[in-house]
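Labels run A, B, C and D following the written order; every chain starts at residue 1.
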Amino acid sequence: MLRKSLLLAVLVGICGQVAAAEPPPPLPVEPTGVIETLPDRYPAEWFLVHDAAFFHMSDGKVYVIDTSKDTVGEQVQGMFPVNLMGSYLQVPSRGEIMSVETFHTRGTRGDRFDVLTIWDNANLAVVAEVQLPGSKRFMGMPQRVALRTMNNDRWLAIFNLSPSTSVTLVDLETRSIVNEIPTPGCSFVYGNGDMTFSSVCADGRMLTVVLDENGAEQSRGFSDVFFDSDDTPIFERPAQVGDMAYFPAFDGRVQPVAMGASAAMPMASWSLIGEGEESWAPSGIGLDGEDDLGRIYFLMNPEANGVDGMHNAGGAEIWVYDPEARRRVLRIPLQEWGLSFAVGRGEEPKVLVTNPVDMSVELYDGLTGDFIRKITGFGQETPLMIMSAQ
Amino acid sequence: MMALIDRLLEKRARSAAQHASRRGLLKTLGGALVGASAVPLLPVARADGHGGPAHPQEQGSDTDCDYWRYCAIDGFLCSCCGGSANTCPPGTEMSPVTWIGTCHNPADNRNYVISYNDCCGKPSCGACLCQRDEGDRPPYRPDKTNDINWCLGTSSASYHCSTAVVVGVAFEE
Amino acid sequence: MLRKSLLLAVLVGICGQVAAAEPPPPLPVEPTGVIETLPDRYPAEWFLVHDAAFFHMSDGKVYVIDTSKDTVGEQVQGMFPVNLMGSYLQVPSRGEIMSVETFHTRGTRGDRFDVLTIWDNANLAVVAEVQLPGSKRFMGMPQRVALRTMNNDRWLAIFNLSPSTSVTLVDLETRSIVNEIPTPGCSFVYGNGDMTFSSVCADGRMLTVVLDENGAEQSRGFSDVFFDSDDTPIFERPAQVGDMAYFPAFDGRVQPVAMGASAAMPMASWSLIGEGEESWAPSGIGLDGEDDLGRIYFLMNPEANGVDGMHNAGGAEIWVYDPEARRRVLRIPLQEWGLSFAVGRGEEPKVLVTNPVDMSVELYDGLTGDFIRKITGFGQETPLMIMSAQ
Amino acid sequence: MMALIDRLLEKRARSAAQHASRRGLLKTLGGALVGASAVPLLPVARADGHGGPAHPQEQGSDTDCDYWRYCAIDGFLCSCCGGSANTCPPGTEMSPVTWIGTCHNPADNRNYVISYNDCCGKPSCGACLCQRDEGDRPPYRPDKTNDINWCLGTSSASYHCSTAVVVGVAFEE
């Protein structure tokens, strides 16, 4: 308080002197109507925080956050709405974000419209919209595997669940629907080469569908059964390094599946947990990730293993592995608790984690595990899913 | 209904005792799908819908998340939203497509098949968020997942709250 | 814990005996598709709590609450949405609620539709909609004087501010627009006889407009100037007893205006505050009300008088007056703080108050001033305005 | 923009010290309307928009509610939403119809006319809710009210955040 008073006194003194000597020119008139823009490609320190607004589902949104900064004013770069439990995908080659969302003409009633809304990175403005027929798009907790691009980012594959399952293919050049490929019994769209996608099936197999240059189905095939969805379920969200998708399993194993532009091929599984860690298991919503160093990350719950119903509860630590060596290289103990996380780009990856206790997000160093900062107060209600800026 | 944060509102109110409640922080629930799913339903022995006992045995409050019928529920309890354990609040529409759980009624020591019909067409109720996650599987098992919006087959896709309707006595395994 | 254990033991014993003797019949199969209904006229203990959802404006709603109950399950009777800072009015003679709200075809973007949505009390379901042209309806903090009925509840008068001002007249029988009456410089719709409405003007006068049986303007007139909107402003929301509207003033006076089916006539003002209370002034959003006993209520702030900018801060007490005697008959000290309140119907009126500190609502006895209960956890975000059930 | 609860988010976080912050609990702000209002504008001496000083004097942070320009603001500060004190966040639209305040800049001891243009077309920003209520009047004085949604004349009526643009030096009274 004393320092502040002194500072004020000094300032008053200066101002008084300036005013007495020669008044400074006034502040210039400022233009109105100026709208900020963003870079076409977002820096590695930026993350996209999906606030699905569970208590206000018709007002879901994604905040673009610069995690390298200390204040809300510097952190928040912008936002775009994603309505009614929507899904989105960044497509950096196009400088665009694909968002699948649902509207009714009267908010929560009236005619329903499912649309693909295309935003540009630089303006966070709508550049195109494609109406999606059939009221079938996957609508649920935010997912990382509901959308993906194919054919050199020309097509967007959109997963449908109504509850029958299919994939809608949209041409991002012509902004029109190319095809709908039924995937009975199988869900989600996993990348598996540029003209191929895979899905995970209720019967414990992987489906792989090969498309031709027109988006028509050329062939499909199934892997062998590699898990039991009742007794040894895997999570649907893999960490991905190169062509290998690492699916965590409820029981603490990781299940690699090779996605090499041919039929998805399950490999031998291995365990994430060691001696004395038998009670730990992966758990959470956005519960895994990967970095540019080839390492994979899993959110781990100290009490979830073997306890039915604990697989989405989140965890107390993030464990980092070298998947080639099948060796844990880092434990990141969280300040409080984690529900979802994402890993940033680059050689010094940062990890942004949703803390569901106070609904903040918290930044950690992916190399040392050190806590860096808490980011909150940016308007979020339930930031259920995080993606790193691409 | 959807998976979510366990008792988030309560958690906001009392942000102390965080460690104690971590286990229940986010749980989703299981069950089986009635309707369009390709997966067969659980076996159901239909109880008599008419002429039942005047005072059927149930214990507990249907606004408590611990209530026996809610063993596989996930969402806002309709009993806190102007409905009840088995009816929708005024002005909403009950989803015909549901997921199913098998819950043990301690009052008569029987297992019942419970249908978790969602009530749709109004904004999130927001009260009595309740999540019990036993048997939940990821959405590749649509018959056993609660990570999705079950306001399917309704005129509006807007989720409001979830009921728990007794639809029969479960066969003994 | 001991009692509970004993109880359990007893219950287990009973169940065991029953099971041994004769198993009770199983629970019956219950019907699906049952939707609850409400009475056509709501009891006096019910209040309507308007959660404008300031942080999620496209998801505003009104909760119907039975304040006589102890648990959320018994308290919440239902809800209806009121989108984007809407206004609503109960019309008990019709068993309907009139709600003026705004939608865009894509949530927060796209074509705009202003509509009058008509809900029925019994089903809280939409029974009709009237589109309102011109993107002009009053949109702002919830108000009690933005809507009212006329012509024996056949017409609804809707206040517009865009920022030019007018009143749109809707025929509630034909569900169609009858007329739009410009009210330049004057705002809101105050009841003043069945075929007449009044508005308060920026120049300190009241405007009164008389309509003919077709809803056309027959005549209009102005009162004398009775306040200075810069120096001695009144609040726009009067407490109303019979034909007398009691407008609180920023400076702690109350300004009666006679609304007797002729030109609104300002009367002599009088002071709400006595000796030693010079720092008190009315303050809040829904800051006043009246009961069936003819008493008027004002939310009072202990520090607002003469302090520019404190008029919407809310208050620590509600003061109750006999307006005939110009005498305070009760002080209701609030548990914490009040932002808005409403007074219930009947000879034993209850007062429901928004506590903005924790965003709960709290019930008080209007005769004794006693605190009765706190009501919270019903899904509300910002319950900015309360109305008693009519 | 609209009148609202002062620093509600902060309040949720620290629900202690309630009495101390009651004064600022809900404040709305004043100003005068630019545009369609019938009420005349405050007299404005246009400052030179070009060739101004390279380092105009301002103190404080434009993300603080106490910042000098915000003397009559009410709403979410655009400087916390991806904009700045005088620019809108990406993808929004600046309202051409505004309200006006006259604020004292302590750095040069001048009074400036500030235009509080709202940014519209996206959901509530939700960050840095700031309300300073001096000179506010009820909506019967549209030129001096902040109880209304000022996203007027924009393609969407959805309010996102508020700016504070210097539009001139106020004449001395």
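Throughout what follows, contacts are C-beta pairs under 8 Å (C-beta built on N, C-alpha and C of every residue); 3 or more make two chains touch, one makes a residue touch a chain.
Everything quoted here is computed from the prediction, not taken from an experiment.
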Farthest-lying chain, centroid of Cα atoms versus that of chain A: C
Centre distance in Å when chain A and chain D are each reduced to the mean of their C-alpha atoms: 34
Centre distance in Å when chain B and chain D are each reduced to the mean of their C-alpha atoms: 46
Whole-Å gap separating chain A and chain B, where each centre is the average of the chain's CA atoms: 28
Junction residues of chain D, two or more chains touched: 122-124, 126
Contacts with 2+ other chains: residues of chain A: 55-59, 81, 107-109, 126, 358, 379
Category of the chain touch graph - line, ring, star, complete, other: other
Chain-chain contacts as defined at top: A-B, A-C, A-D, B-C, C-D
List of chain D residues in touch with chain C within their complex: 2-6, 8, 11, 15, 18, 22-30, 33, 35-39, 97, 121-124, 126, 132-144, 147-149, 152, 155-159
Complex interface listing, chain C residues touching chain A: 53, 55-59, 81, 83, 101, 103, 105-109, 113, 115, 117, 126, 129, 379, 381
Residues of chain B touching chain C in the complex: 9-10, 13, 46-50, 52-53, 56-59, 61-63, 76-77, 79-84, 86-94, 96, 105-110, 112, 115, 117, 119, 122-128, 165-169
Interfacial residue positions of chain A with respect to chain D in the complex: 11, 15, 19, 23-38, 59, 61, 64, 71-73, 76-81, 119, 122-126, 358, 377-380
Chain B partner contacts - residues on chain A that touch it in the complex: 54-58, 84-85, 102, 104, 107-110, 112, 135, 138-141, 143, 161-165, 184-188, 199-202, 229-230, 233-236, 284-285, 303, 308-314, 316, 336-337, 339, 356-358, 382
